[in-house]
Amino acid sequence: MEKGLKIVTIGGGSSYTPELMEGFIKRYNELPIKEIWLVDIEQGKEKVNIDAKMSQRMWDAAGYDVKVHVTFDRREALKDADFVTTQFRVGLLEARIKDERIPLSYGMLGQETNGAGGIFKAFRTIPVILDIVEDMKELCPNAWLINFTNPSGMITEAVIKYGKWDRCIGLCNVPTIAMMKEPIALNVDPNELIYQFVGLNHFHWHKVYDKDGNELTSKVIDAMLDGKDVGLPANINNVPFFGEQIREMNMIPCGYHRYYYRQQEMLEHSLMEYETIGTRGQQVKETENKLFELYKNPNLDHKPEELSKRGGAYYSDAACECINAIYNNKQTHMVVSTKNRGAIPELPEDSIVEVSCYIGAKGAMPVAWGKLPSAQRGWLQCMKAMEECTIEAAVTGNYGLALEAFTLNELIPSGENAKRVLDELLIAHKNYLPQFKSTIEKLEKENVTIKDSVVNEIIAHER
Amino acid sequence: MEKGLKIVTIGGGSSYTPELMEGFIKRYNELPIKEIWLVDIEQGKEKVNIDAKMSQRMWDAAGYDVKVHVTFDRREALKDADFVTTQFRVGLLEARIKDERIPLSYGMLGQETNGAGGIFKAFRTIPVILDIVEDMKELCPNAWLINFTNPSGMITEAVIKYGKWDRCIGLCNVPTIAMMKEPIALNVDPNELIYQFVGLNHFHWHKVYDKDGNELTSKVIDAMLDGKDVGLPANINNVPFFGEQIREMNMIPCGYHRYYYRQQEMLEHSLMEYETIGTRGQQVKETENKLFELYKNPNLDHKPEELSKRGGAYYSDAACECINAIYNNKQTHMVVSTKNRGAIPELPEDSIVEVSCYIGAKGAMPVAWGKLPSAQRGWLQCMKAMEECTIEAAVTGNYGLALEAFTLNELIPSGENAKRVLDELLIAHKNYLPQFKSTIEKLEKENVTIKDSVVNEIIAHER
Amino acid sequence: MEKGLKIVTIGGGSSYTPELMEGFIKRYNELPIKEIWLVDIEQGKEKVNIDAKMSQRMWDAAGYDVKVHVTFDRREALKDADFVTTQFRVGLLEARIKDERIPLSYGMLGQETNGAGGIFKAFRTIPVILDIVEDMKELCPNAWLINFTNPSGMITEAVIKYGKWDRCIGLCNVPTIAMMKEPIALNVDPNELIYQFVGLNHFHWHKVYDKDGNELTSKVIDAMLDGKDVGLPANINNVPFFGEQIREMNMIPCGYHRYYYRQQEMLEHSLMEYETIGTRGQQVKETENKLFELYKNPNLDHKPEELSKRGGAYYSDAACECINAIYNNKQTHMVVSTKNRGAIPELPEDSIVEVSCYIGAKGAMPVAWGKLPSAQRGWLQCMKAMEECTIEAAVTGNYGLALEAFTLNELIPSGENAKRVLDELLIAHKNYLPQFKSTIEKLEKENVTIKDSVVNEIIAHER
Amino acid sequence: MEKGLKIVTIGGGSSYTPELMEGFIKRYNELPIKEIWLVDIEQGKEKVNIDAKMSQRMWDAAGYDVKVHVTFDRREALKDADFVTTQFRVGLLEARIKDERIPLSYGMLGQETNGAGGIFKAFRTIPVILDIVEDMKELCPNAWLINFTNPSGMITEAVIKYGKWDRCIGLCNVPTIAMMKEPIALNVDPNELIYQFVGLNHFHWHKVYDKDGNELTSKVIDAMLDGKDVGLPANINNVPFFGEQIREMNMIPCGYHRYYYRQQEMLEHSLMEYETIGTRGQQVKETENKLFELYKNPNLDHKPEELSKRGGAYYSDAACECINAIYNNKQTHMVVSTKNRGAIPELPEDSIVEVSCYIGAKGAMPVAWGKLPSAQRGWLQCMKAMEECTIEAAVTGNYGLALEAFTLNELIPSGENAKRVLDELLIAHKNYLPQFKSTIEKLEKENVTIKDSVVNEIIAHER
């Protein structure tokens, strides 16, 4: 790669954009960026323009000669790009609210990347990301796609397996946060610790070792059970894990494991919010509005503190670090979504997994973990199968497979209500699900209606 | 083997014993039995004596010179046995009622071989079967163990993996019933059909082909969705499968898949029975009492029709056919639980699976199925992992692993209630769970009490 | 399938045709054949006509109304065929002689299905069989392809993997002969024995059990080491195996294992024949001529005894039995080449393997073997990799892959001579290797000449 | 680990000891060594004393306060050791000469780590290394075993699988040399290149990438085929690879692949040396004598240039770097023998493989490679199976397994001569093969004699 990098950010109007800029600015000495293109859709015009101005102020304040562009023509931006980051949300926060409220209206977990909501986020995003990949093949065939659109693992698998685009790395902030907080909880130098992560996006475990190779995993577990902050994303309710279970496995689960290990309490909490202050998406919408109000301030030229309180904090920092590691061939240890290659021998060799990798110019080199204990093996195999059904349904629009994905998903109790949730979500998201067109038409003919009134209001507003 | 077979039936006082006798009598020309030993525990003395007299009458009426013995000393019976069948129920029907009612009292499925109940049936049975195997090694090292104690797959896995006893085949009536009823539903000659089954005990699918090799699977699915009887065990509530899902997989699920594919309705039905007529175990108890009243009749010398209405019907017929196939080296196609050996390549090679086998003198030869679609693969891998945790916990008494098994189980929503159900079941079954002694003592010290009043009555009665 | 079967035999002018007819005649009561089509190429006109007349005499003598047709238009024959058998030899016996003599002229084993010769037989046959499959897709899409053209395993793998034609079974006489001779050597009733075979075509092992399930493998090994006939094909030199090795593995190797376990002696024997009486192909040519002289006799209406002395005896009997098992849905135990499906878990799931199967209307159902000891596992994996390189080179004409196949093959010591043998064989077979056209032209430009004078004479004669 | 490391070198009397010292001295700032213990056997007293004095001079010249001890009591040295390196040669160079000459006397490759010689080196070394491991468990349970005794991969597998000692890393100089020489051949900065290695010890391939992630593999292949030095160990005859083969695989084979890819020429070269100047072992013996003469010089206090000419050069440098990476938790990329863990998914998960690893305080973290092309996959699987038979035979003394290992080995043509070579080697090495005692006694009773006169002289001398 020549000096003077062109970075393209699809979903440029995200409230995380200033964090991304901060990350690039911090690394400018190593990452000689020349231009940044924020791509968004017409609907997001206002936000992306606010972001662009804010970003340009940040670069200018830093004293670097970097130009921030805005475009609504993706192809214009992609031409000769060096790195493409994706942080778009198909259907905006309104879609997230639908993903959350429709399942909850039937007493099932509604969440952005887990349960029915996560499946539908994949359904909406995969057709778009595959289109982006086709454009990249034509316009920037040597670029890297750094994806942090959720569900990050499934999106990465779609890109690599169905899009046949290998130069893709999926990112997540969850491992980053763990590796920031655990040393603090243990009161040790973060540079001395060795981490090894294994699993899938939002569904991984890890072990920790000190500089003499001694395993510290049980100490982190102790700290976690003592209530210390070992890195829970802000969007996840802090129900403690069962000590007996975690000590038996002697691996540190990620924050999202709460949905699977403490399903009852996580559901109760979500239902409580659903019935009172609104779901996470509703809350975030307010936060976002506040953030954009801040960003509008023509004197603000650095990332405001308020941004760190969102669940996705550090996501974009991870992206910058990943780009840095590739560009400068650093062989940095990072935990990313990449092709398995045997790293988890009990998952298919070509599955996307989220494991400890060394990142350099040729991409992610995954560290082989070896055999897992029965429980973790079974969980991963089940989740991966669910992901495979979801991705294939997202690509083909196969309703039966969508139902299989719902049935396999441990957070969705199968039966009439599950099927109803599937149908309502199809209708609610119909503008973003071209692949399911004929099914949705059939459901509409059958007059399937949506139960949740908030969702109905959103839809009414959308027309 | 010499002529003059010695058959030992452990759990001889079961209400199914007359069916077993009928199966042997029908096959006497091929299976030259000399003596049958019904083994039971002192607690079951009355029933086993009724069974023994009834059995002897059946043999005498058939005109064969076979002697039925009763013993409470297992080792006396096992000496030089040729075939050992196991149909015992540790803790009797009272234990089943506990397995059903405690989960249901927390709104979770309570069932004999699925969910928390199935896990506890394994916890109680595995220590006993491993003791039996040790006796067999000493007293009848060439005998075959034909297990139809549930959960049949897990018991067989314990015997082969932990007991290191290879001469074991696990049986189930579910495939037998399917292969009886489907030809009737399709109106074809049963001998013309080819079946191939794949999966685990109470969790398998199959495909059907006609005599020209054409696949009939979709026709059976049509018949099933049309409400025809394609072989549902009597104990399972007949909720229909979702056509879209079943047609997509194009494999015929077993009756027990309803618990996983229609979880909501199966749970609702169980809760309704729990709150009204009592759980299946409570119902069966009455049926059993009636059956034993019938068996007492000194003029009754054949299996009464009433027995066929129980869910376990044809179980013992399958056992007799299996013994026949081994003894006469018949290479009969049967669907049994046996060592995987690669038949399902995506499960561990030494797992116990329930697949189409050819049965002869060297035991079961499993037919290799090949790769499965994502959803079925994921389900099997998850269930097998859950079984592995259960079996290991049953052998070691490891509470953390028991909790892992509960958490993995899709019918148990994880969380406080799940853990409470685990704890109550440990206390309720304490007489049969020596391996969990220290945990149970700890729970008792913490004054963990049982919520369900029926269970509390049973326990009060047991003291 | 309707009554009145149409059988097509490609390579109808083979000297084995009368055996095939005998096999069909013996089974006519079960296999209601109406017409048999012998397909050959113009070059083989004389032989196929002799075979056709001889065959018609055999059917007439048997008193069945079956018509034997001859055609040189494969497509005419394939139209609406029920079963297609393939026994053709691309390049006739002359090609076999080249396969044998060229390697031997450099001191390497020259053999029909092993070493360089086997690789080249695959190179010549695979393009032709793939053409046949394309015709079948169009003209007889429900027919079964019963292949006994060697190397039978590789040809079957090409048909299924590259031709995408699943209705194919590969046959071999080696297991048949073993199952005929071993009972005689052990003096037991053949119907009482249980066999389980595992491996690849011409590279399998098996175990034997008696009617009580006791393993007899070591007794067969004893008999074999005592020099008893346990079923060696007539074309293989009878060097004894090393007792220490065979007893350690406790599996019965096939006759062809001699090439791998006693490489030195097998090579010495071949070199001796090469230098004296001529290679097997040269010997067989004489035998064939004699057979056709016999077949010309208008009074001969049954298979002559002389045919049994060839190495391929019982091949066609196996084919008839396989067709019978499919047509009548018999679930017969046979050892055939079919898709692995996990039967040998340490080979790819979609490899073609030769294992114990049950054959019925839906084809071959392979029995899962499970894990193999290190040595057998390694041998199979190495041979399968060599087969994969060979098949891919046969399809693509990739010279580098052909060289990889040569290098992997344990019977070809790598180096300058091996490469020279490869080059000479390419030139010698140029008429039958369209896929290697450009490589052959390059070699011709480089004036690569053939060393063996007999081969040079054959080539001179061909022009 | 505390400051003040205790290093133990078993086989301290090796001629490589000065290189090892040099490696430690260079890294003293990072590796604060306090004492070095050279362990040897009484037979090697003279050499180890020369080495010890030379080593002490080197340390003193460097100005560091490190004490070099000599002991013939291994347990004294192992007490509280931090790192144990092994470079011993059971039976000294005389054993190597036997390993080389006996196979060559029958026209088969005789080599230190390949063919029959490599198998016997494993037979002699494994019992000793397992004894060392038992001592380590008792005397220094936290120490790391850094093995560079050949065959390094098999020795490491014996330690980890049979010795149950996980803190072991196997080293080899071959990857080190490649990574030193290839940048020179390509004229690029070595720090910019990314390497990924995959395979087994002395049987691996690799790929190379530049700092922009572009693959340079084909450029290295071009350089290699152009005759440039890309890192051939000094002990290997430089026969060129076949370009067509190497370009097709597009992976860079290691120097030892010549034995397998150019078997004919490698054997011819060895036979030529055998018949003229003597085998490599004989040549090395002279070199060694010269080296020790140099070492005796009381003024020599640094590693002499002459040492670099031996095949094993850089071995001990690799060892020092590995120790450094562990001690300082450096996450250095190195190519070492470690547990597979899925890195090569087509080999057993617990096999020892030689792959790219990141080395730090918890040992080696292997990078997952993913699926290999057929040929490389088959080669590795075959070699691994051969290694497994060898290791098991080394542990058990099973003659049948030894014969299986010989038969699988592609460099040993099976048959009477191979068996004879096995028998002669057993007799020749009888003092070091306690596990084969009964077999050797049997062979002696049968008066099996050794053909090669040089070996006979050595043996006569040993008595």
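A few remarks follow.
Going by the order they are written in, the chains are A, B, C and D; count residues from 1 in each one.
Please note the rule applied: a residue touches a chain if its C-beta (ideal position, glycine included) is under 8 Å from a C-beta of that chain, and two chains touch if they have at least 3 such contacts.
Each chain and its UniProt protein: A, B, C, D = 6-phospho-beta-glucosidase.
The shown structure was predicted, so the numbers you read here are calculated from the model rather than taken from an experiment.
Using the contact threshold fixed earlier, the set of chains in contact with both chain B (6-phospho-beta-glucosidase) and chain C (6-phospho-beta-glucosidase) is empty.
Steps from chain B (6-phospho-beta-glucosidase) to chain D (6-phospho-beta-glucosidase), minimised over paths through touching chains, total 2.
Chain A (6-phospho-beta-glucosidase) and chain C (6-phospho-beta-glucosidase) have CA centres that are 55 Å apart. Measuring from the averaged C-alpha position of chain A (6-phospho-beta-glucosidase) to that of chain D (6-phospho-beta-glucosidase) gives a distance of 46 Å.
One finds 44 Å separating the Cα centroids of chain C (6-phospho-beta-glucosidase) and chain D (6-phospho-beta-glucosidase).
Counting only residues that touch two or more partner chains, chain D (6-phospho-beta-glucosidase) has none.
In terms of inter-chain touching, the protein chains here make up one closed cycle, each touching precisely two others. The full set of touching chain pairs reads A-B, A-D, B-C, C-D.
Every residue of chain D (6-phospho-beta-glucosidase) that touches chain C (6-phospho-beta-glucosidase) in the complex is listed here, in rising order: 242, 244-245, 247-249, 260-267, 374-375, 377-379, 381-386, 388-389, 392, 398-401, 403-405, 407-408, 410, 413-419. On chain A (6-phospho-beta-glucosidase), the positions that touch chain D (6-phospho-beta-glucosidase) within their shared complex are 1, 192, 194, 196, 209-213, 215, 326, 329, 331, 333, 339-345, 349, 356, 358, 360-363, 365-371.
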